[in-house]
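Report on the following structure.
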């Protein structure tokens, strides 16, 4: 979440811990979505009392160097305040890159530079990503799945292979039954539920 | 208004609240009007006791990255003093870009980066711009209209669709009856007047 | 005058108020004379106890952006100490640019960015330059004139049209009678002398 | 070792003195492995209580200038805290560069810029590298050797010719008997053992 | 002399006043020897207790702008501590540039930017270089001369034409009789000796 949305749309008295997105500076009609910079200072993140800050890294892109160096600087600043940095491995539109070799490389580099947690896409052989990364790994969502079961399956697989959590977007918010989706996913992440059990929770909640 | 004009032409004892323009560094005979930088420090804005600072953003241009990153930096600095930043969505000469999709994208990005208010052009379906933007939207003027009624019409439409105010230039100052124009526009913005009522005020004031 | 010459050639106990040139970084055998940067810090200008600092701006050149942004930064720094900045509108070798439209644009931009005084070339319709500029305008010299009278004529014209003073170089120092020239010019600037009167002073002083 | 690995994998209560790698910002799928920057601040190195910091220099590469200037800046910062800097002469994939002339040039430049120790590859005529370098030289490993004896031979040669130590990677960790390798190498470095003696230690330890 | 050599090879208890070389970042196998930056901070120069700092300027080269702007910054910093800056006019491999017109331009620019002393090559009409430069000029050595007498001749000529001293390299250290060379040169610089007298001193000392 960016500071603009946090300041204008979130009730500060009743908010869960927030991870503030601090990289940006691009648009979908601009030249290159990977040309990000740090667009929010750590001082402003402190003022907003966030739990952590997050930024994207673009390994293999034209702006790889910039994003990795910016990650180093962000960690430098955040360490002086004790704020954890989450690195987000961004792949842009090249979805074919989402294999364990590529994502494992991204996560490893981000962790070596000092990220305290890494968010990446689920992929086949996800344990190779997790095992090669010295810090915890969170799963992102990616493109919208056809069915809820597809979501439960990759989330279950990722959790079994070592992910510590989940950060989904459109597969929850664009779903017809987002609350049922969240409850089912929560069971997989926090209560070790199987795909079948999650599906059962989803069906029950959907009718509620 | 720039600091040069503010310091040399405005009576400091008798001035309304000012929004100081702090981006620039281009000329109409230079290479690219979108290649702006921050040309006035926040410290100098404080010294000038302005109500807010404003800068242009150029989404989709060659200098999109620079202007968005500069907006982030300006907000970083202004937050430490509590000065609001107004982002101005600039379109240069490409007037065809003035649709709700493009302007809505610009406003949204500027607000996410931390602008406290956004100034943009009126366009068809202006409510889409306003509704997608988490901060208040002010309407700019754009090219000179043929008649005062045209101005009243777009201003009325924009106000009805959620704008919080107006920032016109040549449609007032280059008009033969600027005072009558201002009074008519004021009625639309602050007294909820219709286009017909504004036209009536204009005709009355014009003769005064 | 640069700090090098000021420190090594000017007696600090017996010096008129100095405007220190603080931009540079080019040479006549380098790639582009308009590629200047700030080469003397404001802190060093303070140490040298100068009355003001001056820098060149290159509107319309390849380095327009850099010079205008540097002017903004210089003004930012100087405002915190109360030192006035003089902008010098540089035209390089393209003398054909010396018309009121171009010079007026340069002066206006420099003043908007915060220059407290602008130095520019005299041109036809010089009042258009002066009237469009919210701060005082000083006339530079330009190429060497054929006769002293030519100099008196453009200086007189410029003063009548609103210039506040003069900053000549080769038309005084390279003249056979520099003292006579200065006395004649002084009469035009400070005593409202006509061209004929200046010519008279010059002839008298020349023989003295 | 990078700060990410140091913070997440090394027990701070039971760690030998560490040299922290502070340059990076590249990946094996990026454009140029020599395009490194300083990715960890000296302040963070202090927090991690490391014995020294290390960075790569890329003499003769496209980023020679950047890496040498960064070395100068790193030394500037480290001198103010008294932390020694180790420069690592990197050659990328161009292994043919590993001769005494090239490596001697790299070591000399790094030492002149202020590195307190230099790590470089062993090469023929290694004494020319050591003798031309005003600070101590440590040998890096390079590609994996066929046999342990090959390793002992270059290490022995380098120590005899003036190296002060060793920094091997794959020739130890990827060996089938890393502990035996380390003990044999230790004897060469610290007890002046010959290649034959090292081979004897290796064979004994391998069976232990 | 660089800080690396100064710290590792010079006895701090028994050293003459040192001029520390603070520019660098190039190598003979890199892209451009004129692409230098400031590689040692003024703070570190203070720590090393040097008498002055020196840097190269490359007028007319691709990096003219960078080197001149860096000279300005170095002077800015040094003035705040009272450390004099020596500018060294570098010509690279283009020896044909060594005429009074070129070297005079370089010296003049360096002095205007604030260098307190300039080191340049001897050339024909060396008085034109010295007279156009508002600060003292020191002569550098240049390529190795065939005979000692050639050295005495250019040194004598330069001293007569206004140089304040000498900074030779290979014409002394690579000579078969460096001590005799130094004593002869010292006589020219400090005792106003003629070339013949210097030759006599050299022959006497050579046999000593």
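Chains: A, B, C, D and E, in written order; residue numbering restarts at 1 for each.
Here is the rule we go by: a contact is a pair of C-beta atoms (placed from the backbone, for glycine too) under 8 Å apart; a residue touches a chain by one contact, two chains touch by 3 or more.
Fair warning: this is a prediction, and the values are worked out from it, not measured in the lab.
The set of chains touching chain B and also touching chain C is empty.
If you lay the C-alpha trace of chain A over that of chain E, the rotation comes to 145 degrees, to the nearest 5. Averaging C-alpha coordinates per chain places the centre of chain C 58 Å away from that of chain D.
Our note on geometry: chain A versus chain D, Cα centroid distance of 36 Å, whole angstroms. In chain D, no residue touches two or more other chains.
Taken as a contact graph, with one node per protein chain and an edge wherever two chains touch, the assembly forms a single closed ring in which every chain touches exactly two others. With the ring opened at chain C and read toward chain E, the chains come in the order C, E, D, A, B.
Of all residues in chain E, those touching chain C in their complex are 59-60, 62, 64-65, 68-69, 71-73, 75-76, 79-80, 102, 105, 109-115, 134-135. Interface residues of chain D, counted against chain A in their complex, comprise 2-5, 7-9, 24-31, 35, 37-41, 43-44, 47.
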